Amino acid sequence: MSTILAWTSDACLLVGSFLLLTGALGFLRFNDFYARIHACGVTETLATALIILGLLLQSDSATPQFKLALILLFVLFSSPTASHALAKAAWNAGLRPRDNSGKRGIPLPPRER
Amino acid sequence: MLSQLPVLPVLLPLIGAPACALLRRPTLAWVFACLVAVLAFLCTVSLFTTTWQEGVQTYALGGWPSPWGIEYRIDLLNALVLLVVSGIGAAILLASRASVWQEIGETRRGLFYVACLLCLAGLLGIAATGDAFNLFVFLEISSLSTYALVAMGPDRRALLAAYNYLIMGTIGATFILIGIGFLYMLTGTLSMADLGERLPAMGESRTAFAAYAFIVVGVCLKLALFPLHLWLPGAYTRAPSIVTVFLAATSTKVALYVLIRFTYSVFHLEFSQLAQALDTVFIALGVIAVFAGSLVAIFEADLKRGLAYSSVAQIGFMVIGLGIGTVEGLQASLIHLFNHALMKGALFLALAAFILRVGSSNFSSLRGIGRRMPLATAAFVLAGISLIGIPGTAGFISKWYLVLAAAAQQQWILLGLILAGSLLTAVYIWRFVETAYAEPEGDSVIQRNEAPLGMLLVIVLLALLNLYFGFDSRLPVETAGGAAQALLGGDAS
Amino acid sequence: MLTLTVIVILGVMLVALLRAYTSPNVFDRILAANLFGTKTVLLIATISYLLGSPAYLDIALAYALINFISVIGVLRLTELRNARRDQEAEKP
Amino acid sequence: MEVLIDIVLLSLLVATAVALVMVRGLIASIMLTSVYGLLSASFFVTMGAVDVAFTEAAVGAGVSPLLLLFTVAVIGRKERAPEGGAVLVKSLLLVVVTGALLIVGTLDMPPFGSPDAPAQTHVAPYYLQQSGAEIGIPNVVTSVLASYRAYDTLGEVLVIFTAGVAVILILASSSHRGSARLRNATVPDGSPHTILQVVGKILIPFILLFAFYVQFHGEYGPGGGFQAGVIFASGVILYGLLFGLPTVCRVLPPPVMEVLAALGVLIFGLTGVMSLLNGAPFLDYSVLADDPVTAQHIGIMVIELGVGITVASVITAIYYAFANQLEPGPN
Amino acid sequence: MDVFSYFNYWVVVVLMMLGFFIVIARGNLVKKLIGLNIFQTSVFILYISIGNVSGGAAPILEEGVALYSNPLPHVLILTAIVVGIATTAVGLALVVRIHAAYDSVEESEILAQDEPC
């Protein structure tokens, strides 16, 4: 029984780390801010959830598991909000998204004032 | 009950400050602050007499013995500095009403007195504590409240002066923290008495040397010794006049106490072969401070800034006393610490009265002040004479012991420099006397408009104290002698 | 396995720092700081397991709760700036 | 393994500091400062300094970037002008001299992490061995903080109180609308933050609850008065950011905050005075109850409460003072 | 192992000098406070490195654990962190008032405004 638990936790940690790396690569390489914010979003939600799940399976006593579950709950609440707030701030400051070729002229609905 | 005495002087303003914040009306806050300051002064007087009779008073805070808990070790040096700081603090708070009501806005007077009590508590805490880190914490309390007090000055340059003082003060405090960190790393303890025992056993380790260097630079920043004094003129000139009186008479004295405590009680530098090099550095810096401060004070258009530079010069005299390195030199320095607080207290308080009536402190607007405010000007002149060191005043006593200490070491050049410094002081005091009693142009009849009674009483009291300690100088001389003996005891054998 | 995760998290932090330093756009730097924050939560949680003492999880919990306040502060800051700029624009 | 993390974190710290020296924009500097705080908190975790990491986390993430952001919001995001060559040379010289003095200092230092260094063998063992018996709480840092060196903590609470008084003194006068009066000007924020307000409504109760947990959990795990106060204050600041200053001023009016700050310090001080009146030295809790160990528990609990109240109300009062400068209300 | 035994202290020295450099060399008043913050944080790292015992657990008493890190520097640094945040708050309040009075936060511009009057 415990070997399956150990194995799944290692698998979770591995996949989580892999997602972290891809997200970081995305953050490094994308040329548009909104694409980068999406890449970070991936690392903040899925990768974090997997890694915390991996840790959860490794711990033995109950209190750390409960604390880890709480951390997961709060991270799932706060990181998407933070990304939303950041995107809104960027949008308010007039930063407009670019398509792949780098032009900014994507037709968008006028800002409702 | 007597055993609680060492902690009371610090505890009263410590608990008094938040209590004073609860009082909403400014006059109530002023009365409460004066009450707390006077009570603290009475406690220091009784503490002083007990230390005088029974020797060192120890007090373990929280009931834990010394190296584990924090301990107060009050010896003659602590008692002297506590007496000076709480005495001047009580006197200034009593005299502060009129000047504060004129310079500080209505909504901020209550909190002004809270900040004054906090500054008093911080300074008394530094002077009384026997624990190195506790000294750093109380140093921060007094500095933070001083930044706020300086920033409340009338014109906008007070803000910049307070900001510069904050940056320099925090760098100084962090240097002291680095020094204490190195000391803790070497010995594992924080109580100064324990450090004093364990450090000499460490031998000449370079970390101990670096620790001492950091602590000296940090304390000299607070002391405003010559190369590190750049914040002092701006802060003293731009602060509200009552704050300048309080700072000039107390905060540099406490910094000098910290320097003496670390040099002689913790590092015992009188034994190490570094002592010779250190003494020459102190003497050199002291002499430069005396001449630089006095020369700038002579040509200063604003009396308040002139007196600030004169403070830099007087600190130079105290550090010269320290630099001579003998028991007499240390005694002379401590006597000057005591007398300088009285002199500068009277001078700046009289100046505060002038600013209260005339509105500005530059020489042109002070013409003929002698007729408008005869008593206050007389007190100013008396304190000025004491600053020069004319026989019969307290200033003479400190100059006399300084000259004796220099003569005992056959340092004739130093003796000449000290006398020359006093002459320079005479120049800028005489410059004030000239303008004060000179003929004001135009309106010949001047109505007498004396300083308010409360303020006038304290000014005259401080001036008379200058006279009293000129004749009956037993108190400062014997206390300083006892303290110097205790610190450099081994050397005098 | 835990050490691998720690190394990856530190690597991501380094990438975020590099990106924060090179990109001219302020919002990239804020995004990097935000990324740093969430990764610190993970780092502290993993280290506490590596060192075998669960006492550190409170710190990770505190970070998880408090981390996004500075991003909201930046949002309000840009808003106030736009409001002030509009006020200037309306005034002649 | 631990050494590797320690070295990587320290080099990241140095990289952030170098980046901070080079970077120009103010908001970028603030972000790098919060990254610096995060890294130092992680470093403290690897060093086993649990309470310090907690305080650095709460202060570094909750309070200092926000105060910096408020200041930058008031003064505007101007880039820094490049400074002259002379200043550069002078400061480089000064830095090199201090650096040399520091390096001289490190030459005779006992090696890092050695268990028989003087620091670990003189005073510290007493705390580790005796505090279990004398004070009976597992978290030795809290027992040293609250009982052996309680006077330091009282000085500490006074430093926070002084900072609150100083900020109110400095900022209160310039805002011609006194901080006491409720501010009716709503912030013209255009689109309301519905998403943020909804999430805020969910998270803020947990932040405040967590603050109380930290407050009363101080004896057994990392936590205590300072950390609880800072977390509580960052919860209030978050509420203020999301729902606007007038609403938060109605919930926690500024004059109440100033009175609470003074009360917190008095709670701490008067516990000490009570032991003074019973003839024991100041801040000696063993006289507060018949059995000395329970007396220590009571003493530590009460002063931690005093610390928590003071820190929370002072940081909230500082937030009000700064936010008052910011409201572009109809002034 | 002993190659890294002084690594912590070298980093402390480097960080201290970087913070000190920012405080002196930069003219912007907010940047000076940030430099001051770094300068103080490097002192915290010095203290914690003094108290660290390699292999020692966090100073929370548990059965079965013999070796603990030294709790005293942790207490000192708790106080120092709060002192640092207090100084930063007062400094920032002063910067806000200076900006209101001089309409600038660059030391060079402020001093220029002061000279004539």
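Letters A, B, C, D and E mark the chains as written, and numbering starts fresh at 1 in each.
Here, a residue touches a chain if its C-beta (ideal position, glycine included) is under 8 Å from a C-beta of that chain, and two chains touch if they have at least 3 such contacts.
Please read all numbers here as calculations on a predicted model, not as lab measurements.
Counting steps between touching chains, the shortest path from subunit A to subunit E takes 2.
Common neighbours of subunit B and subunit E under the contact rule above are D.
When you average the Cα atoms of each chain and compare centres, the chain farthest from subunit B turns out to be A.
Subunit C and subunit E have centres, each the mean of its CA atoms, that are 20 Å apart.
Computed centre separation for the pair subunit D/subunit E is 13 angstrom, with centres defined by C-alpha atoms. Chain centres here are Cα averages; for subunit B and subunit C they lie 47 Å apart.
Within subunit A, contacts with two or more other chains are made by residues 74, 78, 81, 85, 88.
Residues of subunit E in contact with two or more other chains: 16, 20, 50, 57-58, 60, 72-73, 76, 79, 83, 86-87, 90, 94-95, 97. The set of subunit B residues that touch two or more partner chains comprises 133, 137, 140, 144, 147-148, 151, 178, 184-185, 190.
Across the whole structure, chains are in contact as follows: A-C, A-D, B-D, B-E, C-D, C-E, D-E. Taken in their complex, subunit E has these residues touching subunit C: 57-58, 60. The touching residues of subunit A, when paired with subunit C in their complex, are 9-10, 13-14, 16-17, 20-21, 23-25, 27-28, 33, 36-37, 40, 43-44, 48, 51-52, 54-55, 58-59, 61, 63-64, 67-68, 70-71, 74-75, 78-79, 81-83, 85-86, 88-90, 92-93, 95.
Within the complex, the subunit A residues that touch subunit D are 74, 77-78, 81, 84-85, 88, 112-113.
By the touch criterion given at the top, residues 101-102, 104-110, 117-124, 126-127, 147-152, 154-156, 158-159, 161-163, 165-166, 168-170, 172-173, 178, 258-259, 261-263, 265-266, 269-270, 272-273, 275-276, 279-286 of subunit D touch subunit B in their complex.
Put simply, subunit E touches subunit B in their complex at residues 16, 20, 23, 29, 32, 36, 39-40, 43, 46-47, 50, 72-73, 76, 79-80, 83, 86-87, 90-91, 94-95, 97-98, 101-102, 110, 114.
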